[in-house]
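Shared between the two complexes below is chain A, which pairs with chain B and chain C, respectively.
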Partner chain A sequence: MGIHFREVSHEYASYQVGDYQAINKITLSIEDENEFICLVGHTGSGKSTLAQHMNALIFPTEGEVEINGKIITKKRDKKTNYNLLRKHVGLVFQFPEYQLFEETVEKDIMFGPLNFKISFEEAKAKAVEAIHLVGLNESYLKRNPFNLSGGEKKRVSIAGILAMDPDILVLDEPTSGLDPFGKRQLMELFKNIQKETKKTIVIITHDMDLVYEFANRVIVLNDGDLVYDGNEEDLFKKEELTKWALGLPETIKVLRRLKDQFHLDINPYQKTVDQAYEELKKVMTK
Partner chain B sequence: MSKVQVEGLNFSYNQKRMILKNINLKILKGEWVAVLGHNGSGKSTLAKAIVGLLEPQEGRVYIDDLLLTDDSAYDIRKKIGIVFQNPDNQFVGVTVKDDIAFGMENLCFSREEMLQAIDFFSSKVGVESFLEKEPATLSGGQKQRVAIAGILAMKTQIIIFDEATSMLDPYAREDLMKYIKKLHEEGLTIIMITHDIEEALLADRLIVLKEGEIFLDGSREQVLSEPDKIKEANLELPISLRLANLLDEQSNKEWRDSLWEYTLEK
Partner chain C sequence: MKNIVIGQFVPGSGFFYKLDPRTKIVSIVFLMVALFLLENITQLLIAFSVSVVLLIIGRLSIIRIIKGLKPIFILLIFTFLFQILFNQEGTLLVNQSMSLSYSSIASIVAITVLWRYLAHFKRFNFLLLLAWIAGIYLILSYFHYGPTFAPFSFKVYEKGVEMSIFVVIRLLIIITLSTVLTITTKPTDLTQGLEKLLRPMKVIGMNSEDFALIISISLRYIPTILDEANKIMLAQASRGADFSEGKLKDKVKQVISLLVPMFIIAFKRSEDLADAMESRNFIPGKPRTRIYELKFNFSDLMTSLFTAACFALSIVLKVI
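Up next, the complex of A and B:
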């Protein structure tokens, strides 16, 4: 059933800067299986606002969002249990490691599932499952979350959402604050989670290298408008990239430089350093 | 004359695991040094030990030839300031103005001096139009600049940036880096703690920490020419250099040179 946006706008009322439209007549669909989507756009383009509509944390001021068959509009419907939608779509905020609060990792992970009225035993089992999914072992469950490293805390907080077993996982800049290895590991982890569980994963990010390497689909927002919804290959060939304030992945930049400087007949659209090297090999003088 | 000197520094939080091991370091006046290391390498601990927020079990820190002790900490704070990673964790003032004044108040500046300094330094970092605003209403990049204004107002000569850009988006980050460059040009001594090698390339000198020890220390070119060691320190070379390193030194020399040039010109 997934998530369907139909002409969704959201306007924030603000005394300081006046009302402003954060997103503007957005129409798009997200399947609840097998998608790996990156949501990109410069600061203030409406990415986080769009993400918060995905599990009914905020309501559209115009248009409608359909989540798992339920229609969400401007008007709050007293009969709808919005909490149940949040089980369907899990949202991980930016810097989730600052939201850990329990005394053990296990309790922290169990907090979400217990809110959905499942038994204590079941929630415990979910926590075990989730800790494995994020690449940590069971010994972490008894530890104090505040004594973990930044990367581990991040994983634990993601496990807390995974334990609710959402079909769609939305993460707001999950890799920020991590070192390059940490970033890559976390992205690999999402890829694995997606492969194993078939969940759809939506990631908000600024990192074009990661977008190019990992996404199957990219959604670009610019000043609240949806300006691109398609695959990662075509995106970086678009002339409008600068207008949208998006950079190019480093591999493309570097290969374009060599291509222009040495008049090489190569295709600069390569995702990894190894692929870039293979492409250069074709034109090397033996 | 060295601005910062560290001798035989050892530090541990719990006596079990040493976080910093025998750190010896000299940073000269006007230098821009990047301290690189993976998560958990001890780089933030080093920053805190240098400014006196943490007390080392062994070793000495001199700032401007003044030995850091409990008694001198007050004077040392006038010489060295620190901008933290999380811009939200360093605000004490109700308004931007209060916040910039906080350091000066503690150093007993006169009211006149404070007002003048607030005017001067807020416009210097470009936050003069939000002086009456609550810090919480600012963007991440603006918050970091407020923090810098507060430090500069104390007439500080050395600033440590402890992963000060890692919670900012790429645009705010670029902005802040440009600003740090300006401070450096004006003669301030800059120590930048980071795990981002691309960011570190803006500095004159790179120090790589690995498991609490100084693993590499040299110019950009020297450090970047040690790909195996960089890898050993759990860091990643920029994509351009990783590609250059795959190419043959003789037959692909021109391409390699071009990639090096690209890396260093940023």
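Up next, the complex of A and C:
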């Protein structure tokens, strides 16, 4: 079933600056298994707005979104249970401060599952499972969420959604504010979750290295328009990258430079440092 | 929430934007007093046309102001009905005997349902309301089959009609005037104006600068906090908090899930703000200078003269 956008636009009504069209006529489909999608675009390009349509938090002002067979349009339909859609598609917000509120991490993680009428014991078990998934240990469960560091808060907020066990997981900038090691660890974690559970994962990020290494589909927004939807290989060969305010991954940058400077016969499109190293070694030994 | 015009500054240019906020505040106070001195409907209608002319001079969109009136439409309608129903002076204009019957009760229910159903289509909402009121009037007066009971008579007096129009127009003018003030004056200017005007209050121990600072910070943060509340609501809805249904116990939990982040974010913000102010050398209680000093210029003079004239005229009219 998945998520299907059909010509979806969203206009924010704001009195002071006039109405602002955050996304324009977006058409796209996301299956509910086996996708690892990165959603990229410059600041203010409409990524968060698009993500909030994916679990019916906000409604399109034009067009329709189909989530798990339910059609979402401009009008609220009393018969549709929007809450169930949010169990199907879990959305983690950009800032953990907006959701942490309980006195212990455990209770906070259990808030989501309990809202979906899961028994207390089961929710507790889910919390333990989820805290391990995000790379923290059980000692965190008894801690106060407000005394955690920024990165730990982020992980707890992700655990809060993971515990709901959604089929599609949407994460709004999960790696911002983490150290380089933490970023990579978190991405590995998502990759693993995706491999093991076959869930679809959608990640919003500004980090092109991670996009290149992990994504198998990239969606690019530019000023509210969908300008690219395809695999990560082709994206970085595009001329328009700078126009969309996107950069290149470090590996491509370095290898291209080497190629131009020393007229090497190498393929600069290598995803990881190791692969780049191998490619260089091949040419050097020749 | 963002569509409420009252109390919101809208950037623009025009006569009223260039005025000193002190002039605007004082003029509005005097104009309102003058308005309450007016006694008959002709004077009030003149005042009304004058305020429309003012809008045109200030190049303010009348449609925008009317849109802003929407939230208080209900208030206007109630004031109107209240006056028309309960004021019983002057000559009798309408005397319609009415009563209830089974047929009329049934048809009232029917047209109410029809009205609510049609209201879903959003357009002509106001016309529908009028049609509904007219429908009830007709049904109560004429539509009876079978026994009738609880007879009463619906009376409208001349004075009632006059007063209801009078009160509604007065309310309209008041709202228009104050909307002009808030639409064309930045909250910071407004508080600066108030601060200067309230300066003499120092004699009785009120520090107008502190007062103005508190007000301007609060005003500055209202939209921010609303925005934040909205985001928190979305974040919790994303975790299955459904604010529309659920048992009382669940509800309490859901409200807490909103309030705790709200307070934490608000406290954090206020701490940050205090730090930011101190790091820019703000010392509470010490006198401060302004980047933009208020200036009294030619337009202010004109406005003051106009206000004085209106005020004088209304006193003269009152005395005569």
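Here is the rule we use: the second predicted complex is superposed on the first by the 282 of 286 C-alpha atoms of A that agree within 3 Å, B and C clash if a C-alpha of one lies under 4 Å from a C-alpha of the other, contacts with A are read in each partner's own complex, and residues count from 1 in each chain.
By definition in this document, a residue touches a chain if its C-beta (ideal position, glycine included) is under 8 Å from a C-beta of that chain, and two chains touch if they have at least 3 such contacts.
Since the model is a prediction, treat every value here as computed from it, not as a measurement.
Student: Record, for the superposition on chain A, whether partners chain B and chain C clash or fit.
Tutor: They clash: once the shared chain is superposed, the two partners overlap in space.
Student: Which partner chains sit in contact with A:57 here, chain B, chain C, both or neither? Use first/second/both/neither.
Tutor: A:57: touches chain C, not chain B.
Student: Looking at A:160, would you say it contacts chain B, chain C, both, or neither? Reply first, second, both or neither.
Tutor: Only chain C is touched by A:160; chain B is not.
Student: Considering only touches as defined above, state whether A:280 meets chain B (first), chain C (second), both or neither.
Tutor: first
Student: In the overlaid three-chain picture, which partner chain does A:91 touch, first (chain B) or second (chain C), both, or neither?
Tutor: second
Student: Kindly point out the stretch of chain C, out of 55-63, 289-297 or 307-315, that overlaps with chain B after superposition on chain A.
Tutor: Given the superposition on chain A, chain C and chain B clash at 289-297.
Student: Touching chain B in one complex and chain C in the other: list those residues of chain A.
Tutor: 16, 95
Student: Which of the residues in chain A come into contact with chain B in the complex?
Tutor: Against chain B, chain A makes touches at 16, 42-43, 95, 149-151, 176-182, 206, 209, 245, 247, 250-251, 254, 257-258, 261-262, 273-274, 276-277, 280, 284-285.
Student: So in the complex, the part of chain C that touches chain A is made up of which residues?
Tutor: The contact residues of chain C facing chain A are 2-3, 5, 8-11, 228, 231-232, 234-242, 250, 253, 256-257, 260-261, 264-265, 268.
Student: Over in the complex, which chain B residues touch chain A? Could you list them?
Tutor: 38-40, 85, 137, 139, 163, 166-167, 169-172, 195-197, 234-236, 238-240, 242-243, 246-247, 251-252, 254-255, 258-259, 262
Student: So in the complex, the part of chain A that touches chain C is made up of which residues?
Tutor: 13-16, 52, 55, 57-58, 82-83, 86-87, 90-93, 95, 97-102, 111-112, 115-116, 146, 160-161, 164
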